[in-house]
Each structure stands twice: as structure tokens, then as C-alpha cells.
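Shared chain: chain A. Partners: chain B in the first complex, chain C in the second.
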Partner chain A sequence: MSLEFSRTVTFGQYINVNSVVHRLDARIKMLSVACVMFCTFMTRGFVSILPILAIAVLIQVTSKIPVGYTLRGYRLLLRTMLFIIPFQILFYRAPAGVQVDPYWQWWVLSISPQGISAGLYTLTRVILLYHTINMLMFTTTMIDLSDGAEILFEPLKKLRVPVNELVMTMTVALKFVPLLITELERLIRAQTARGVRFDTGGVIERTKKIVPVLIPLFVNALNRAEVLIVAMNARCYHGGEGRTKLRTMHIASTDVFALSIILLFAVSAAYIGRTFGV
Partner chain B sequence: MKINVRQIVVAGVLGAIAIVLGVTQIGFIPVPNLSGSATIMHIPAIIGAVLEGPVVGILAGAIFGIFSMLNDTSGLFTNPVVSVLPRILIGLTSWYVYKALEKRNSDVAAAAAGVVGTLTNTVFVVGALIAFGLLPVEAVPTIIPQALVEVVIAAIVTVLVARGVKLVRSGSTTASESKDGTY
Partner chain C sequence: MITVSRVSFDYNANGSNPIRALTDVSLSIRAGELVALLGHNGSGKSTLAKLMAAVMFPTQGELSVGGTHVTEKTAFDIRRKVGLVFQRPDDQLIANRVIDDIAFGPENLGLPREVIQHRVDSAIATMELESIRTAQISSLSGGERQRVAIAGVLAMEPSCFILDEPTTMIAPVLARSLLRTAHALRDRLGVSIIHITHFMHEVTDFDRIVVMDGGSVLMDGTPKEIFARSEELAAVGLDVPLVTKVGRVLRSRGLPIAEPILTAEELRTAIVPLCSTVPSMQTAVLQSPDVPTVRTDPPFIDVQNASFSYMKDTPLETIGIRNVSCSIHRGQIVAVLGGTQAGKSTLIECLNGLRTLHSGRIFVDGTDIHSKGYDIGALRDRIGVVFQQPETQLFEETVGKDVSFSPRRKKLPAETSKALVERSLHAVGLDYQTFRLRYVYALSGGQKRRVAIAGILAGEPEMLILDEPVAGLDPRGRSELALLVKRLAQESHLTVLIVGNTIDELAELADYAIVMHEGGVLLEGTISELLNQAELLHDVGLELSEAAEIARVLKQQIPSFPTTILHLEELCDTIGRFCTQPKE
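Let's look at the complex of A and B:
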């Protein structure tokens, strides 16, 4: 195990390239992602998912994120899928009215073209959802995301949802991450210096090793929290009312254009899926 | 609903711990199982519920959930119903259990909160995966060893951390390394 997390850890996956997608307003990007994800769940087969695929390709190309970089992220995904997809194929149960002609069948297990196609469809859908989220993370900084969320969810304030407070919680978490990584690194080093090896041992042994790291991590983090609480109270923090922003977000015509293209594709995918079921 | 500064900050910090456990891989303990590891990333949410009440537990769980959605590597957690919703419930259930048992014995209560919180996470995540057709029901037995390990780890870790934090807060010991409060 490496002792230098702060060098190897990539938190938030923002990739600093100057592209059209990077420059889009965070709110627009989040709306688009939500819309694409929702419509992906509405698709029913390979035909209806095509527009979603088109969106994925379009974003990939315009974002200037290297294709190799995106693909590298798929390794872990594919490993999980290698385990899930065979299950889906073997235990495929045809919906009513679908004729199944299996190549092979035993008890509830079977291998049929319908099962394989259903498995591959699930895989495609998972990859596309994953790609959509990843592209958002690659092209938008965490701070832009939380600023965007604050404005996007503003209507919820009418329902007495404390939007500003929720976003502030997220912001506090994001700001504390690098700090706590350094802290954790220090604790791990302290334990290593005492001869603890974190990369060996069974489940129980590893749990025993991790507790002396976790307790000071929590205690220190909560102590830091106390300091921040005092600081925020001293500055009279009271949620959103009347607070102003250092940077304000603006929606430009490119934002509207991008959103309408994505809406067009995503809604057509959902429409095809719902009406034709393919 | 009103959330005060204390709840915001403590939940934020606990959420940050969950994120840190995730990105540094410290929060994953290898298990001989198909998914490969048991997680302790949900424990900050349980601790939040135990130490500060349901609001902090829920918020810390929500941060963990949002993080697992945004930083998903398996492709299964892109759906917020799978990744965020179950994690919000962790704080709620573990707080109820802790509250119910606290009067008798706070260690037992913390352990029970750890167990229930972990089961909430496992059951609702797996349930949502099945409901969305991402995981066939038949694959559930392969998750059981991991779930058992997570329950045991959570029961132990929750008790120890809760006890440690309470001890330090009670003032009978000091945790800071220098007297001026800087670490």
C-alpha cells in the first residue's frame, strides 16, 4: 500500500482541457445529464438507445477528453459486468408474449438469443449511464457542480427544503477531503512506523489494524469541525438568505443550444422506447 | 426543516471521511467474494447518527451516496435510487436503534446501530439493484459473505469510534497534539 495518498489520489475527476463542453454552464450540464439518464431508463431496446449513443459520442468528441482516457475508466466497470452479465443471460426470463428458442437449457438456466440480447442491452445501458456521469465529472469542477446545484434546486425552497444548507454541507465535505487525506496519510505513517503492515492479514486482522487509524481520524476531524462551527457562528452564517456569490453563473446562447440538442435526442430515445418498445 | 450550523459542519466532515475512505481505498477490506471487498464507507453516516442525531446521519449518508454515484467505477451506482436513497436511510434506521437502546447500554446501542445501519445499506442497495434489473435475484447468495463481514466490522468499529469520540469530548483525555488547538 502506498503511503502517499495525496500524490496518487484523484478526487473529483476534473480534466482541465479547454473545450466547448467545459465552458458550458454547470447548471445546463447537470440538467442535460439528468435528462439523458432519465431517458436512458425509458429506452426498451437497441433501437431506442441509439439516440443516447449518439449523445455519448457527440459529448466525447466535443469535450476533447482523450478517448483512451475515457476507455481506461471502463476497466473496473467491465470487470463487474463480466460477473453480472452471465447471470443475466443464464437466468433470463422472457417477458410475456416473447418467444424464446434456447440453444441450451437446464432447470431455470438457459442460453437463448433473447437472453444474450437482453444481457448486451443491459451492458450498453450501464456503459452509457456511466459515460454520461463520467463526462459531467471530467468537464465540471466540484465547486461549479455544487454552485449549480444550489441554483437548480432553488425551487425546492418553496417546499421548505433547506437547499443552501444542503449545498453548504456538500461544500464543507469537499473542502475537508484534501485535509483529511493528509491526516489519514499521517496516521497511516505513524502506524507503519510502529511496525503495522496494512496490506496483509485476514478480515479480522485488517479490521483490528484499521481501528487505531479510524479513531484519531474521526476525533481529529470532529475537533476541526468544532473550530469551523465557532468560526461560522462568529460570522453569523444563517443559510442562504441574502448571501451573495463571488462568481455568478450566466447562461449563454451556446448553453441553450447544447441543451436543446440533448433534449431532442434524449426525448426521441424515450419516445421510441415507449411507443415501439424496441 | 431547519438545519443548524453544527449539523451542517459535522455532517460535512463525516461525509468527507466517507469520501476519503473511498478514494484512498482504506475503506475497503478484501473479502473472498465476487465483488472482492467489504466496505466501511457507510460507517461515518452511522457514527453521525449515533453522535449527533438523525439529521447529521442522513446528511453524511447523502454525501456518501452522491459521491458513490459520481465516482462510480462499477456502472451499477449511476442510478440515484441505488446509490443515494439507501445511504440516506442509513442515518435514520441506525439512529432509531441507537435511541431505543441507548438508555440500557450505549456500547450495545452503538453496536446495534452499526449492524442495523449496515444492513440498511446492503438490503436497500441490493434491493434497488434487483428492482432495476441490474442484478438477478439468483446472484444474491454471492453477496452474503460480504454482507456478514460488513456487519461484523461495522458493529466493532462503530462502538470503538463512538466510545473514543465521547471519551475525548468528555474532556477526561486530550486528543490534540498541541495546546493551542492547531494540529
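Let's look at the complex of A and C:
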């Protein structure tokens, strides 16, 4: 077991390399991501997904995030998918009007070129979805995300959803993530130094080993939370009412340009998928 | 500015078991005053601070700030006027980026955007955070975080700052810079500052000192008045700064020194006119360095050109240690010293295989621990590490269970295990019968730390590593634990490695010391050899013992003054010799 989670877990980490993508307005980026995700679900095959792939490559290149770093994040995902995809291939049921010529067949199980192609297509879609969200996280700070969300979800206030408070909760929760990761690493190091091997043993045994780490982690987190409440009070926090903001968001021409390009590609992907079914 | 009149406070006041924290406290703080609030843990000083900042309210008595009576209704207004800075900056930073955190307070006040911008900019300028204004807080060092925390309070434009033990958990160098900041804020902005601390030597240049004990005010006066009452302070377990004691001893030996001396500079001014300018031969002989014993047997641990980087091969890579070589022999006591970010903790994590070196080698008993098939688990049983603040890593309900964790894990027979636990608890000065069934969370900070050390000892290590064992405790806890570690190191025949940022009574035990700086080894040798380079040690952020620090300051004007001094007695004798030399 690695003792540097922050090194191997790349998901959700902001990488400060200041590219065009980093400078885009958070709301535009969130809308784009939503749009790309929606259109990805509208694709029907390898042809229609090509424009989505083009977007992914475009963002990767313009964001200046090292390719190796992005790829490192895929390890866990790929491992999970390698476990799931074979089932999808084995249990493949062709939609009406599609000719299936299986290499091998037994009961409901079969292996066919159509099944394999469908499996690979699913894999591509999942990777692209993951990539899209990952790129949003790599290039956008948490505060931009929460500010963006606060504005995008503003209409929900009419439905009495406490948007400001929810966003503040999210901000504080996110503040704790790096702290808790550091704390977790520290506790695991201390346990390892006391001779505990986290990388051996069965499921039950491993679970047992985690308990001594989780207890102090929770105790310390609760203590911290208690102090944080006092700290927020001392700095006059009293909910979202009457609160003003230092940060304002501006939509620039680059934002409009970026959104148009992404819309163009994404919608064309959906259109090809819907119309030609490929 | 702040008036406290006859205030008492109970925790859990409406519950069945109220706990009294303050009794009948009266106090008034004037505008622009720099006040120190001193006392032990449990003396009520933090409670008083929270009442003054209107985050808690008195059970009895009255408090007013700037003429406004403190109640739950006025709390919002009071909090704008009284800013609170906490012990650990991580506890009070809310946003992810520096600038957003500083803006948090003014945003809560509902100020217009331009005003917030202006306040944030001036707080950033005052705290010199220009270069990191948009940085992620999680990427900052401890000292930077503390500055951000203060800037966040500064942006509220309070007329009073309360610093709640900000120096307890941080390295001495950072503590000094924090105190400079406190002075600067008062001088430039005219705000009053209440600094809560355990440490006497920090507050010698304050306007006023308030000493608390057992929930009431014990003394209230200028530093000169307070430190002249050393017997009364000693009665409640508080100590005057070492330099004050030196002054007293010298005066009792007939030197014309005014009472009380508060700083090394003051002592220097008093002594220089009395000194002979010619270095004395006698001194030179007396100060011959100890001859280090050269060990010819193969070392227990041999580190060769070790290097390690954090987050290697990512955009966030930082160096932990680089090209470190050193060797440790069986039965030796070794000190690894250095300021913040020196690489000390990284080195010990590499020593017991928690981190794998990126280059270089570590041999234990002649075997490379990175070689294939090496049993790293067995190595960790042989090298016990007590990490920083080990009390936060305890996880069992009772003391007995926590200490017996290692024996139980090794599946030792119940009898052996019990004997080990008993012996380990005894070694840290806790009685087995009394503490075996005690709940861990009900122990004091110092006791928890002892339990954590006992837990490591119960694993029967051959070598014990202690990472800053006294950091974060109050002076009483520090001296008790230092005494314990001293006894352990001397009586147990273990190989001991002590990590620290101060040449104190622990470092002094070491047969051999290594000074690290920016990941590499800067100096090595016996403690006296190191102290010859006092000025260099000072420059790399290593704290000297109070006596050595005084010697360093004296040497600046008395060039032949030796800096290889560790104790009060030694210092007084040396000064005595310098002062009795006939003038030529």
C-alpha cells in the first residue's frame, strides 16, 4: 500500500499550470461539461463518438496538464472496467435488426464481434465521461466551482433550497479533504511503524486493520470541526443572508468562443448518433 | 477598550456537572496595549479569550468592548471589533485559496465589493503575502498559513487582536517572526494585542503581563514588576526567563547588575563595561572541545547518499532529503537537528522503510533494507518510532489495550504480554494498576503522550526514534517529558535517535548530532563542536538553548566569549571569569 495517496489519487486535484482552459469562466466550464456528458449519452457508436473524442483531445492539449499525469488517474478506472466489460460482452443482447454471428455460444452467454465492439464502445464512453469531469477538476479551483454552482443553482432558491448554505458546506467539506488525506497518511505511517501490514490478509483482516486508523481520524476530524465552528463564528459568519462577495465572474469573449466550439462538436456527435445510429 | 468586571464562567453551566473555569475575574485592556496573558493549561486564559471575543458568554459578571455590553445580541458587533487567532491555523482557515480566505470575514459583514477588495489588499500588504495571494492554502508552509490566518482577522479591521497560544505548536523560528508581527501590528495600526502563551521569554518586551492561575488573575503588571516576583511565580510552577536568573546569580556574586534583567541584549549592555577585552588563557584551556570517541565496530545503521522526493514525477514534486549520509552505532544516542523543512522527519521515515529512497542506500546491520526479499516488517519491529504528537494516534479505548497492541499483534502469550505492558508503562512513569483500565480520551495531553511512547516500547524495539518528543506541550509538560526521555535514553541501553529543532537538554544527551538544512546534512559532530558555530546554527533556523543563545548574543560584542555553553551555572561561571579579569 502506498503511503502517498495524494501522489497516486489524481482525481479531484487542481493542477495550477495556468492555461487557457484554467482561465475560462467556471460556469462556462460546468455548462460545457454538462453538455458534453449529455451528448455522450446520445451517441450510438464509434462514429458519433468521434467529435466527443476530439473535444477530449482538444481540452487535454490546451489545458497544459501533462498527459502522463492524466493517464495515471485512469489506472483504477481501467482496473474496474476490465472486471465489468467481460460481463457486458458475455451477456450481449443485440438490438432488433442487428445480425449477430457469435464465435462461441452457451446458454445466454456468447462472444461475438458485435458484443466486443459494444463493450469497447462502452469503455470509450466511460473513459471520455471520466476524462471530462477530471479535466474540469484539474483546471478549476474549488472556490470557482462552488461560486459557479452558487450562481447556476440560484433559481433553486425560489424553491426554498438553501443554496448559499449548501455551497458553504461544500466549501468547508472540500477544505477538509487535503487535511484529512494528510492525517490519514500520518496515521497509516504510524500504524505501519508499529508493525501493521496493510497490504496482506483477507477482506475481514484488512477491515480490522483499518479500524485503528479510522477511529483517531474521526476523533481528530470532529475536534477540528468543533474549533472551525468557533472560528467561523468569530469571523462573523451568520449564514448566506446579507453576505457579499469579493469575487465576481465575467463572461469574456474567449468563454463564448470555447462554449460555441464545444457545443458545435457535442451537438454534432448527438446528431450523428441520433440520425445515423453509428 | 475591553473591560472585564467580576466575570465567572462555568462550562456546562446549565447541566448537572458545571465545571468552573473562571472565578471573579476583573481586568481592563486599554486601546493600543500589548498584553501577554500567561498561565498553565487549565488556568482559564483561553476561556477568558473566548469570552472577550464574544464566542462564549459569562455565567456571572459583565464584559464590555468599546463601551458595548457583551451579550448574545451584540455578539456580531463585538466580533467585528475583537479578532481571534487560533492555535493551529488549519483550524481557522476556511477557503481553499489565500485571497478567498482573507475575504471571508469582510464578506460576512456584507460590505460592498470595492471595500472588501481594499481591505483584502491592505491585509495582504501588511502580512507580506503578495507573492502567494492566489496560492492554494494546502500548499503553504505552517508559517505562511499562520500569516494568512492573521491577515484574515486583519481584514475585519478589529481594534483588538487576541492570539490564542499561537506559538505552542510551531517551531521557535516561526514563533519569533509571529511575535515580531504582533509588535508591528500594534506599532503601525495602534490596535491592542492580547497574546496568550506559556512562554515567559516571549513577552519580556510587552507593555504588560497578566498571569493567571486556577481561573483567577494572580499578577498584573509590567514585565519588570512581574519577573521580580520569581518566588511567587515558582510557587505556581511558572519560571522566569533564564537571563533573569543569570542576572540574579551574577548580582549575588557581587557584580553591579540591576534587577531584573529581561533580555540577553540588556545583559550584554550591563556586562560589556565590566569585561576585560583580552581573551583569557584560562578560558581557552577550559573550553577545549570534548574528544569524540571513534567507534571502530560496524555501524547499526549506515545511510549512504540517501535521497527522497515527495510527489515524485508529478507537477507537485518537492525534495525531502538529498544526498544524506550518516551512521549510527549500537547504544549511541544521536540527535538529528534542524529548522522547519530541513528533512528530519523524511529521514526517519526512510530509516524504518516507510518511504523508499529514490537513490542511495540504507544498511541495517550490514544488510541493504531495499534489497529484494528483505523483511521490512521485521525491521519496523526493531526500530520503534514515536511520531510527532503521538497522542493523536491512539485508537484503543483503554490505556492497557493501546499499549498491548504490539504484543497482541505478535500473538505473544498473555503472561508475557502483561509483563511487557507493565514494564513499558513503568518506564514512562505510569503505574500499571492505576492506568491499565483508564480511558485514553480522559487523560491529559502529557499522559497521552506517555501512553503513546509506552505503546512503542511494548514492541521491544532495539532502537527508539523520537520525533520532536516535547513539541506542543506547555513548559511543565515539556520539562517532565524531557526528564522521562533522558532517563529512558540513559537506562534502557537502547539506541536512541532524537529529532528536534532546539539544542536543549535532550539534544545535549546525544553522543553525536547531525544538523540538517534544506534536506541535506549541514554539520555533524558533538554538541559542543556544533555550538562553536552558534551563529550558523542560528541562521539556519535551529534554536539554541537559552544559555547558548545568551552566549551567542554576548559573543557579538565580546568576540572571545565561548558559545559552547548549555547551562545556567556554566554561563554564570564563564561570565564571572570574563568580568574578573584585570583590565590592561
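Some notes on this structure:
Just so it is clear, the second predicted complex is superposed on the first by the 199 of 278 C-alpha atoms of A that agree within 3 Å, B and C clash if a C-alpha of one lies under 4 Å from a C-alpha of the other, contacts with A are read in each partner's own complex, and residues count from 1 in each chain.
The rule is simple: a residue touches a chain if its C-beta (ideal position, glycine included) is under 8 Å from a C-beta of that chain, and two chains touch if they have at least 3 such contacts.
Worth saying up front: this structure is predicted, and the values here are computed from it rather than measured.
In the superposition on chain A, contact is made by A:R194 with chain C only, not with chain B. Look at A:R224: by the touch rule set out above, it reaches both chain B and chain C. In the overlay built on the shared chain, the residue A:V17 is in contact with chain C alone; chain B does not reach it.
Contact with chain C, but none with chain B, is seen for A:A234 once the two complexes are overlaid on the shared chain. Of the two partner chains placed by superposition, A:Q99 touches none, neither chain B nor chain C. Looking at the shared chain after the overlay, A:Y69 reaches chain C, while chain B stays out of its contact range. By the touch criterion defined above, A:L129 reaches chain B but does not reach chain C. Shared-chain residue A:T244: touches chain C; no touch with chain B. Ranked by how many residues of chain A each touches, chain B and chain C are led by B. By the touch criterion stated above, A:S253 is placed in contact with neither chain B nor chain C. In the three-chain superposition model, chain A touches both chain B and chain C at residues 171-172, 174-175, 179, 211, 213, 215-216, 219-220, 224, 227-228, 232-233, 237. For chain B in complex with chain A, the touching residues are 1-3, 5-6, 8-17, 19-20, 23-26, 29-31, 34-35, 38, 40, 43-44, 47, 51, 59, 62-63, 66, 69-76, 78-79, 133-139, 149, 152-153, 156-157, 160-161, 164-165, 168-169, 175-176, 181, 183. Per the touch definition, chain C reaches chain A in the complex via residues 50, 53, 55, 76, 79-80, 83-84, 86, 88, 90-97, 99-100, 103-113, 116-117, 120, 136-138, 152-153, 156, 310-316, 349, 352, 354-355, 377, 380-381, 384-385, 387, 390, 392-396, 405-406, 409-410, 441, 455-456, 459. Those residues of chain A that touch chain C in the complex are listed here as 3-4, 6-7, 14-17, 66, 68-69, 141-143, 171-172, 174-175, 178-179, 186-187, 189-197, 211-213, 215-216, 219-220, 224, 227-228, 230-238, 242-248. Taken in their complex, chain A has these residues touching chain B: 1, 5, 9-11, 13, 37, 41, 73, 76-77, 80-81, 83-84, 87-88, 91, 108, 122, 126-127, 129-130, 132-133, 136-137, 160-162, 165-166, 168-177, 179-181, 184, 188, 198, 203, 206-207, 210-211, 213-225, 227-229, 232-233, 237, 239.
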